[in-house]
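Consider the two complexes below, in which chain A is the common component and chain B and chain C are the respective partners.
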Partner chain A sequence: MDHSSLAGRIFRGIALSLVLVFFMFPIVWILLMSFQTNEQILRIPPRILFEPTLANYEALISGQLRTAAGNLQIEFMRNLMNSFVLSSASVILALLLGVPAAYAFARFKFKLGETIAFTLLSFRFAPPLLVLLPLSLYYQQLGLNDTYFGIVWVYQLIALPLILWIVRGYFEDISPDIEHAYRLAGHSWREAFTRIAVPLAGPGIAAAGLLSFIFCWNNFVFALILASADKQPVTVGALAFVTASGIQYGQIAAAIVLSVTPTLLLALYAQRYLVEGLSLGAVKG
Partner chain B sequence: MSMAQLVETEATPRRTKRWRGRLLPYLLSLPALLVCIAILVPFVTAAIYSLQRYRLNLPYLRGFIGVDNYIDFLSDPAFWNTLRISLVYTAVTVIAELLLGLGIALLLRRPTRFHNAVSIMLLLPLMTAPAIAALMWKLMTNPSFGILSYLVGLLGVHDFKWASDPSTALFTVVLVDVWVYTPFIMILLLAGLRSLPRQPFEAAALDGVPASFVFFRITLPMLAPYIITASLFRLLDSIQQFDIVYAMTQGGPGDRLMVFQVQAYLEFFQYTNVGRSAALLMILWLITNVLSNIFIKNWLRLRARAHGHA
Partner chain C sequence: MARLELKSVGKSFGAVSCARDVSLAVEPGEIVAVFGPSGSGKTVLLRMIAGMFEPDAGDILVGGHSIVDAPPEQRGIGMAFQNFALFPHMSARDNIASGLRARGAGDIAAKVTQMSRLLKIEHVLGHRPRELSNGQKQRTALARALIGNPEVLLLDDPLRNVDAKLRYEMRLELPSLLRRSSAAVLYVTQDYREAMAIADRIAVLIDGRLVQVARPEEIYARPASVAVARLFGDPSINLSEVAPVAEQGRLIAAVAGTQIRLDADDVPSGARERCWLGVRPDDVVVTRQDGEGAIPARIVAITPLHERAVVLLRFADGSEWLAALAPEALDAGADEDVFVRFAPEAALLFDHATGDRIGAPPRRQAA
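Let's look at the complex of A and B:
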């Protein structure tokens, strides 16, 4: 491949600029919109230079929206809080349950372990509604419908398989000899696990935890079916907000910005782990 | 600790220790087993529902009807519409994302600082919740103030209705899907490209082999396992697309975007027809199950190779 020819370099430069514009423009544009009043947004032609306002964010944070039909109570901050609570609780639970199991799958070759690992992997690709719709009927009978506990439990379907498969790969890469030596020195199984295996698999556990946090945060359909307004995370809340606020476009943009900021910051902060985790250990580079 | 002590502690509670040692893996995987059961029970339930006449609003009519729900689909144009739309959506998104993702990965192949920065920036759409991404594009394609509507207007296309026009709705949701998921394919292929051995490329450069020959005869074949893994992954997600379509149009306008899961969702919540909804999802599951078996085999092979024992 010729990297040095002038035509080639110009072509690559133009192509890369187009790629950047296509993928970055929506984020930048919505961010700009969130600092505009409705009048500024509706202006034609649209302007890049404008006097920024924080009114949209103020309205969202105070929960008081002024619409044409009068004042409207919107609890978008509650949705944001729900997202934090649901995603964090789900990831913590999934790590507590998943890391020991991943260790068992990596260290002991047993039939049940393989069966579980494969069932979880193959259901990773099954339609979520297939499990969710019957589950919602069960939940109604069990009284788990619309409880944080019920939703966190369902989020395990997202977080646990991810953690199992990523962390298992990391444990498999650690030679068991170190643990054997440690055990021979008189330490229990539990000590070998917490003091040797877990610290060595640290980056994998971090990658799996981060990725499951983002996937739980970004999930839409689980909460759409199982949560009512006061338990909804931002993904469902934002959609309801669009319906409720009607033409308050600036506020919609601000709500979008608030919904995506946590995951985007996490992604930027932990991009190296993320890329490794995304390939589910398939590609190591 | 002396050797004698070590032997002693190993020896005394030998029986209970061995028994516990054998039980340990099962104890550790108990939570995972519970999750498995929590998945399998609703799954079996759904399979049973799909064989029943079961409407939430007419509970007294409930009963087994064998495969009637499935047979009804054969003569139901709505079902064929769903199947067709889902397949078209999947084919278009996967092909577009694969070509675009491969192109971008090739552009970013050399690990310069700038290229790495670009690939990190491209993570952002992928980390945006798909439902929220749909809302972003909805704001940008709004006919009265949307920036994209304005831009196509400048190009002389007026009254472009995007997702609310039956003839352009599919294009619009595909665009959102491409925006969100192309980076996924790009990341996998970039990692693949950068892990390829250098020698064949150096040899080809020495011999002055033309670039197109290098690409089609060396790069592509060596990248094939990564391409297959990435596209199967996307294929499996794409045929089940719900978030983007639901947030954008809820399957409309009309039945223009009634992909499998949106149709099943409406069948359940709007028409309260649990049996039909379950049957529809079982058909989707069958399709994905065949695909995912191929995928898992492929992925495990690639994984084993990356871990260095194959």
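Let's look at the complex of A and C:
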């Protein structure tokens, strides 16, 4: 890297900038939009320079959406909170279930083991809409419709296979002899699991947890069908901005900024683990 | 201290049988090397003792008590692994101390210091395994296995992954180190030299069966079978097919057309249909003088091998032997005609069909 020529470095700089602009432009544009009123956004041609306004954020936080057709109540902050609660609870539950399961699949050969593991993965293949109709009927019968628990449960379809399969690879990479040695030193299998296997698979568990958090956070269709207004996450709540008097682009932009921020911060913080974690599992022979 | 005893232990994985009727006893303070080619079931045997596999048949006793049903942590066993198996997220000190902590032993720091001084790793106690050299890792693993004063110590080819110089050093150090602990030691190795250097007795395991259990000199001098004879010695033993006949109380065999008198001490008299004659390359003498019992041969190649030269010889019938001798003892060069002799007592006879040594005592079970 260091010994490349000046031309090479310039070229690399340009290429990187192009890629950066390509990926960052939508985010930057959304950020700019969130500080503009609907009229400013819809102006043709659009302008880079404008008088910023915080009205969009005010409306979101206060929950009062002023449109030409009158005042509208929106529950955006509540939606944001719901997203947070649902995603966190789903990931925690999936970790509690998935990490020991991944360990079992990695360490023990048992009847139908591969079949069960593959079945769990196959939940990710099925189009959600296909599952939703029977699921919503079941949920109505069971009284799980429109409950946090019901949504967290259905989110396991997203989070559990992901965690199971990523973490399993990590456990398989740990030499079983390390655990044997720990047991011979006088520890039970439970201690070998919690003090050797889990810490050594730590980066993988973190990466899998983060990924499933993002997938849960971004889920739309499950919550749309199975939750009513007071339990809906932001992805569904954003529909409220399509109002009778038009689409509130400014508020949508602000809502996107607010809803992207937590996952973005989390990803930035955990980036090191994420890259290390995801590549380690793949590269190590 | 306790005796380790294996009683007719058997284990198979599907159709593959890894241990068949293995019986062996190791006294406290004794080092027994389990030696055999790769895939002969050495590691599986060790892992059954350590509790990672359950034997299908037989029993394993420590101090007279069966340990087969006990979980690994309650067996009182120390083990060093071929791949070291250090805990990567702990310092060398914590690695060594882990066993003591689990058992709630007192004075841990002092014990760790003493053990690490013995193994010369005091200066790296604070390091994580990945910061250690292979030699240091290996010593850390040994310290971890030794520190709890286990009744049984299992060493799974511990010198496999260290460099040659260190291997020599450790071969010298290990016996005294292991004897300090007065544990019953099972030492798995694939290197016959290591087995001979370290062990009091060697148990030769071939295809899951113990073929011979004896002192190192005895195994070398009187191998139980052709297979054992082949495994001990480098270059490996010369084998020729012969049909010996008894003449005036002596056994005579034709080797490459020359009549050779064989030592008959423990060879039963009477003619044998076909046998394998084995002569170690070290026992082969190459001279220019003809005489009784001298087999004409031609030197095909000479390979200088540090302190000795290995000579490839071809007999008139096309069969080839190797001789290992001091370079100064060889007065002929390549492509020259020479004569080959060996002392009658150096000859080993093996049954052609079974491979067992003729005159060998019946296979011993638990020694």
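General observations
Simple rule for what comes next: the second predicted complex is superposed on the first by the 241 of 285 C-alpha atoms of A that agree within 3 Å, B and C clash if a C-alpha of one lies under 4 Å from a C-alpha of the other, contacts with A are read in each partner's own complex, and residues count from 1 in each chain.
Basically, a residue touches a chain if its C-beta (ideal position, glycine included) is under 8 Å from a C-beta of that chain, and two chains touch if they have at least 3 such contacts.
This is a predicted model, so every value here is computed, not measured.
Once the two complexes are laid over each other on the shared chain, residue contacts for A:N79 go to neither chain B nor chain C.
Judged by the touch definition given at the top, the superposed model places A:Q232 against neither chain B nor chain C. Touch criterion met: A:V221 reaches chain B, while chain C stays clear of it.
Looking at the shared chain after the overlay, A:S34 reaches neither chain B nor chain C. Comparing chain C and chain B on the residues of chain A they touch gives the larger count to B. By the touch criterion stated above, A:F22 is placed in contact with chain B alone, chain C being left untouched. In the superposed model, A:Q251 lies in contact with neither chain B nor chain C.
Within the superposed three-chain model, A:H180 lies in touch with chain C and out of touch with chain B [touch as defined at top]. In the superposition on chain A, A:N145 makes contact with neither chain B nor chain C. Applying the stated contact rule after C-alpha superposition, one finds that A:I196 touches chain C and leaves chain B untouched. Annotation: chain A residues 184-186, 189 touch chain B in one complex and chain C in the other. Partner chain C is touched in their complex by these residues of chain A: 175, 177-178, 180-189, 191, 196, 199-200.
Residues 47, 50-52, 71-73, 75, 77-79, 81, 83, 85-89, 98-99, 102-103, 141, 144, 148 of chain C are the ones touching chain A in the complex. Remark: chain A residues 1-3, 12, 15-16, 19-20, 22-24, 26-27, 29-30, 33, 41-46, 97-98, 100-101, 103-105, 107-108, 110, 112-113, 116-135, 137-138, 153, 156-157, 160, 164, 169, 172-173, 184-186, 189, 214, 217-221, 224, 234-236, 238-239, 242, 249, 252-253, 256, 259-260, 263-264, 266-268, 271, 274-275, 278-285 touch chain B in the complex.
Residues 1, 5-6, 9, 21, 24-26, 28-33, 35-36, 38-43, 45-46, 49, 103-104, 107-108, 110, 118, 120-133, 135-140, 142, 144-145, 147, 150, 179, 182-184, 187-188, 191-192, 194-195, 201, 211, 214-215, 226, 229, 236-237, 240, 242-243, 246-247, 260-261, 264-265, 268, 274, 277-278, 281-282, 284-285, 288-289, 291-293, 295-296, 299, 302-303, 306-307 of chain B are the ones touching chain A in the complex.
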